[in-house]
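Below is one structure; the comments refer to it alone.
Lettered A, B, C and D in written order, each chain numbered from 1.
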Amino acid sequence: MSDLKFTRRGVLKSGAALGAAGVAPSFFVRNAWAQDFTNNPGNGSSVVLGFNVPQTGAYADEGADELRAYQLAVKHINGEGDGGMLNTMTPLSLKGNGVLGKKVEYVTGDTQTKSDAARASAKRMIEKDGAIMITGGSSSGVAVAVQSLCHEAGIIFMAGLTHSNDTTGKDKRKYGFRHFFNAYMSGAALGPVLEARYGKDRNAYHLTADYTWGWTQEESIKNTTEALGWKTTAAVRTPLGAGDFSQYITPVLNSGADVLILNHYGKDMINSLTQAVQFGLRDKQVNGKNFVIVVPLFSRLMAQGAGENIKGILGTTNWNWSLTDAGSQAFVKSFGAEYGFPPSQAAHTCYTQALLYANACETAGTFYPCEVINALEGFKFDGAGNGPTEYRAADHQCFKDVLVVEGNENPSSQFDLLQVVQVVPRAQVEYDPAIFGGELGTCS
Amino acid sequence: MTGNIVLNISYVDKTFGGLQALSNVNLEIEEGKTHAIIGPNGAGKSTLLNVCVGRIKPDRGTVTFNGEILTGKEPFEINQLGVARVFQTPEIFPQLSVLDNVMIPAFASRDGSFEFNPFTLLSDETKIRDEALRVLSDLGLGDQVNNVSGSMSRGDKRRLELAMGLIQRPKLLLLDEPTAGMSRADTNRTIETLIRIKERGMTKVIIEHDMHVVFSLADKISVLAQGAIIAEGAPDEIRGNPKVQEAYLGGAQI
Amino acid sequence: MKLFKLSAKDAIMMAVFIAVVLTMPIWLKPIGAGYPDLLQKFAIFGLFAIGFNILFGLTGYLSFGHAAFLGVGSYTAVWSFKLVSMSVIPAVIFGTVLAGLFAVVIGYVSLRRTGIYFSILTLAFAQMCYKMAYSVLTPITNGETGLRVLRDDPRVVDAMFGVEQNAVPVGELFGINMQGYPGFYFCAAMLILGFFIALRIFRSPFGMMLTAIKTNQTRMRYTGFNTRPYLLVAFVISGMYAGMAGSLMAVTDPLAGAERMQWTASGEVVLMTILGGVGTLVGPILGAGIIKYFENIFSAINESTLHQAFDFLPDSIDNVVVAIISPFVGDGWHLTLGTLFVVIVIFLPGGLVDGISRIRKRFSRKSHASSTTGASEG
Amino acid sequence: MDAIFLQVLNGLDKGGAYALIALGLTLVFGTLGVVNFAHGALFMLGAFCAVTFQFMMTASKQIKDESITFFDAYKEVPYLEIWFGHVGTVLIDWVVPLSIIMAIPVMLLIGLAMERGLIRYFYKRSHAEQILVTFGLAIVLQEIIKSFFGANPIPTPAPEIVAGSANIGALFGLGDSVVYPYWRLIYLAFSGLVIFAVFAFLQFTTFGMVVRAGMADREMVGLLGINVERRFTIVFGIAAVVAGLAGVMYTPILPPDYNMGMEFLVLSFVVVVVGGMGSLGGAVSAGFLLGILQSFASMNEVKAIIPGIDQIIIYLVAVIILLTRPRGLMGRKGVMED
């Protein structure tokens, strides 16, 4: 019964010992472990990846974009289409003939942006569909939940869009990898730009989504701004999905604050921003300064929903299609040719994650997760957008340049919503992995 | 006064809005007797019964049953003391079978107001079932025991009501127009049943319009008009009482 | 044993039920549902729905907050894993009992009202639990991320006996990991137990009193019954079922998230019950199965799987068929579910079980003498 | 003082929205006795009337961005602006208020079609079945909207002239920081107007009289030989229009998406039930009460005393009211109590 998966630990001990030695030639290794790890494709002609994205609920459009990116990635890995980033990424082991000669197939599932549903969906992929890797998702709660599930199951998880420090901080896992940046990096990137634009003497008022991601972002941004010399007037928690935020915005008016920081994402961000602008906050003068709004995490898809209101608002993003480096261009070009519109940052992250996984397998010469993890840990690459990038071994967080963007005042097209203000170099956003605690665990 | 007083209604007042439904009503019901309450429509007869079973709280006055004060008690507590009521418009459990309808009150008198018994099987309750079947066949419903009660004729529903009251073997049975809407034959059959119970010594209060029924059953009659008792006595006394005649006829003229 | 006595007919039903549940991994395989996680979900939500039906089906009180008990059960079970032992027995017991205690409090208050007022009271309590669990109670619930079992949790009892834990602790019963198929069989055993208890309640005088309360509560009070304790007991029993279902969720997957308590989760069990047939014994389980099947299988079908499925057709027809079907699968699974609700209510009033028995009756054209429907039907 | 004034105003504003959304629901509850879980979907459809109208009005000539070749990047210039110049720009600017003109007949038609096609078969069915069918319908409607418009919210701004905030403080001699968005004030006035119109209609027309009688005692009205059915159809239509208008006018405050109805559904049920079943006045007062309390519970000073109170205030108030007043604020005996 190949479905009985969770009892693998005892069985795998010997395999792990061999892996630690790590000297055997790849063909030998593959055969030696033929039965030893979860969903081993064995001698089959194909390998199955699980794309677990939100298909219903508030992030359905983002999920749809993630899925498009994955489908494109599968095409490119299998040697169809124009190859996309396969042409620009270095170093690269992929040959455009699938992974280790096996054709890549995929299964999809709906996370519903709920941890329970996401885990159920991931379990289906593992138990029923024989997926050897799970990837995707559009919230940190889901990412952390699925990551720990995959760790237990011995399946590699390549996180999709997740921005909380926890994913590669206190909840990091040996089997989980994050390409997306995090709240700390947002803060570190945003700090100097905020100082340059708005000076050192500011009073910030935070509205924060009342859950884990919101809190870590609030903390990160607060640390950054307070280091600049800004004061924090208040940090107010708002219920997730409040819809109407007016009752939280009215107290901002006479709080004496001159900066409003919205630690909201998705629909909450659209609503709170739209409403804050309606309350005249963007045109207000406080303490003889122009009142400003900052949205630390921007997403182009979501920015569409806020319409005109994002103009001139600063924030950060992992990636934007307007980047001109070769990797981004190649990806945008093949995505645009395939679907007729540019990819979102979620699409970029997911595409890259799929490629990185496939490449790691090819490099390791096996699908055996511990070997793949070894190949991914500390992997340095370029040509996938955002310049030279490293998957840090200590916490499985990708380090690369971070974009500080602002809402475009004068867009040249319907997709041209965000304008890159500054590409913050990687060195500026790096941090000591110890600050967030957590423990990767081991590969067994 | 010969017998033991079972039910004692004293100085009961009740107004609805501005309408005086009961005013200073005093009534004593003797043990073992059948006491009829008659009066024109709107005289307050049903209100009086409702006060007795705890459905309506009187503005003033008390009702005592065997020395226990009923006013302020919950309807189920009053029933548990041994007062059962047969409703004028059938208050049955329409989705349940006829047999179930009768078994339920039997459980109430056996188990009290609450018993947590999910681990006995209904099919094991043969005693209660036999009792219910007996009462039903007594009332001529023996051939309908498995029918859904909601689909019975109105007359049959009234008899089912009666069965539900009788199976509890109450000390006091309050009957609200037990034969209204019945055919002559059914009425006579009900009268017969009630006479048979009377022989067993159950105390009954009957509200009735049908004088045939009243005079065949009642030991004592009280006449209620505009919320007040205007006459009380043996059937023969009431028949000749001019005040009663006026209340009925006068009421008719207005 | 008197406690296990059943009528001949019920005994057969029970036997068939046990056989059907235990063979689920086999007969669900062809329709793609024969894998442990979904099988566990069928059993767990079946149990949840049976319990909900004891309240709603028997008494007619529509609770819109039952997910709160599911959540309480889950959190308690995970805490039991964290503090006491990785054994599932204390987890399930604590989960069920604590959910029962919550049910006593919420039920005692909510049952002071009837009808929609009762529904909204239960909804309000559950929503408060959910909102608190998501935000201010994060120290207890771990908020959005969900409460998880960690290796360095104290686990007093395990520590006492020196039980070693894996890197990732997993619920176990006498040394068997409660994940995968063993987990399913454990849930299935609980489902069978729950079904048996429900069957006994349906066939007991107590069950009859509950049905009578549903039919005519006023009359019950004049018949000498204090209806409140009956209702409260029914409420607590069904809350405990929910708590047990919640703790089983934690057993098979040691994580408890706040969204289990959201009103949509409460609404889901209402829909399951109505879909299968309110007041029937197997209906709610059927309803639970259908909704979970749609959620997990229909949502996973994408265009390429469809193309594979209709590969045998000529290309042009294949494309047409796929174009017609694809809006209803994958990200359109909600659409199918919604349509299914509407269609079933219109064509099978009374839910699946009632509808099926009606159709059967029409075909067999039996005499109408004993056409008892509703509460006592299987 | 300024802060209190602002929170009161904000509470009224929220309350107006709640009352307006709950109004249609309670009308359907009270007269038809139907538990309409599709009411939120009607609200959402109303909002999407505005979106559709905006799409129609801004149908654009697409001027291609030649620098990008691999996808269709263009700048849009609406035909209305091309044809009518400034007038066109103004028309587009006023798209949300103008879409009311479209929303009324469309929502009325949707309401009538829903009632005739589906709801009317469920008057005599159990509440459970009503819930299942209307919930199913709501999901179907949502998914249809999602397939046309996607899942992301769509910006639908208010007209430029009322996009900013009014300096209310100056009016009442308060501080400069007492400002409030024009559009929210308009929404408050608008909800007052609609509520008043519905009340006046029920109070002063013979049709309204029959409906009110039907709310009080349905069988009675039927016995009088009045065709209650047709009136019910119209009542449902009115409820749909009211829900739709609430949706249209809400779009500048909350960019609409397909799921917005579900998010308001629970809230509107709570408002209706706290107000008391079968009472329009109750629903309206409950709307304002809950709005104001929610606004105050969100003040930092209050949250400092009771953390998280803003999250649960609505439900807490609902519990307290339902426990102290058996039928909500103004509910009538016997409506939806079994």
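The rule is simple: a residue touches a chain if its C-beta (ideal position, glycine included) is under 8 Å from a C-beta of that chain, and two chains touch if they have at least 3 such contacts.
From a predicted model like this one, the values you see are computed outputs, not experimental measurements.
Student: Most remote chain relative to chain A, going by C-alpha centroids?
Tutor: B
Student: Which chain has its C-alpha centre closest to the mean of all protein C-alpha atoms shown?
Tutor: C
Student: In whole angstrom, how far does the Cα centroid of chain C sit from the Cα centroid of chain D?
Tutor: Once rounded, the distance between the two centres reads 34 Å.
Student: Can you compute the centre-to-centre distance for chain A and chain B, using the mean CA position of each chain? Integer Å is fine.
Tutor: 76
Student: On a C-alpha centroid basis, what's the spacing between chain A and chain D, in Å?
Tutor: That gives a centre separation of 36 Å.
Student: Can you list every residue of chain A that touches 2 or more other chains, as numbers and ranges?
Tutor: Each of 56, 60, 64, 210, 237, 239 in chain A touches at least two other chains.
Student: Give the residues of chain D that touch two or more other chains, as numbers and ranges in rising order.
Tutor: 311
Student: Among the residues of chain C, pick out those that touch two or more other chains and give their numbers.
Tutor: 131, 134-135, 334, in rising order.
Student: Throw together a list of every chain pair that touches.
Tutor: A-C, A-D, B-C, C-D
Student: For the complex, which residues does chain C have touching chain D?
Tutor: Going by the criterion above, the answer is residues 56, 60, 62, 109, 112-117, 119-121, 123-125, 127-128, 131-132, 134-136, 217, 263-264, 267, 270-271, 274-275, 278, 327, 332, 334-335, 337-342, 344-346, 349-350.
Student: For chain B, which residues are in contact with chain C within the complex?
Tutor: 53, 55, 74-77, 79-80, 84-85, 87, 91-97, 100, 103-105, 107-109, 111-125, 146-148, 164, 168
Student: Please give the residue numbers of chain A that touch chain C in the complex, ascending.
Tutor: My answer: residues 1, 3-7, 9, 55-56, 60, 63-64, 67, 106-110, 114-117, 119-121, 123-124, 127-129, 140-141, 144-145, 148-149, 151-152, 166, 171, 210-213, 237, 239-240, 441-442, 444.
Student: Give every residue of chain D touching chain C within the complex, in rising order.
Tutor: Of all residues in chain D, those touching chain C are 35, 118, 121-122, 125-129, 131-133, 135-140, 142-144, 147, 262, 266, 269-270, 273-274, 277, 307-308, 311-312, 315-316, 318-319, 322-323, 326-328, 331, 336-338.
Student: Which residues of chain C touch chain B in the complex?
Tutor: 3, 5-7, 197, 200-201, 203-209, 211-212, 214-216, 218-227, 229-230, 233, 237, 369-372, 374-375
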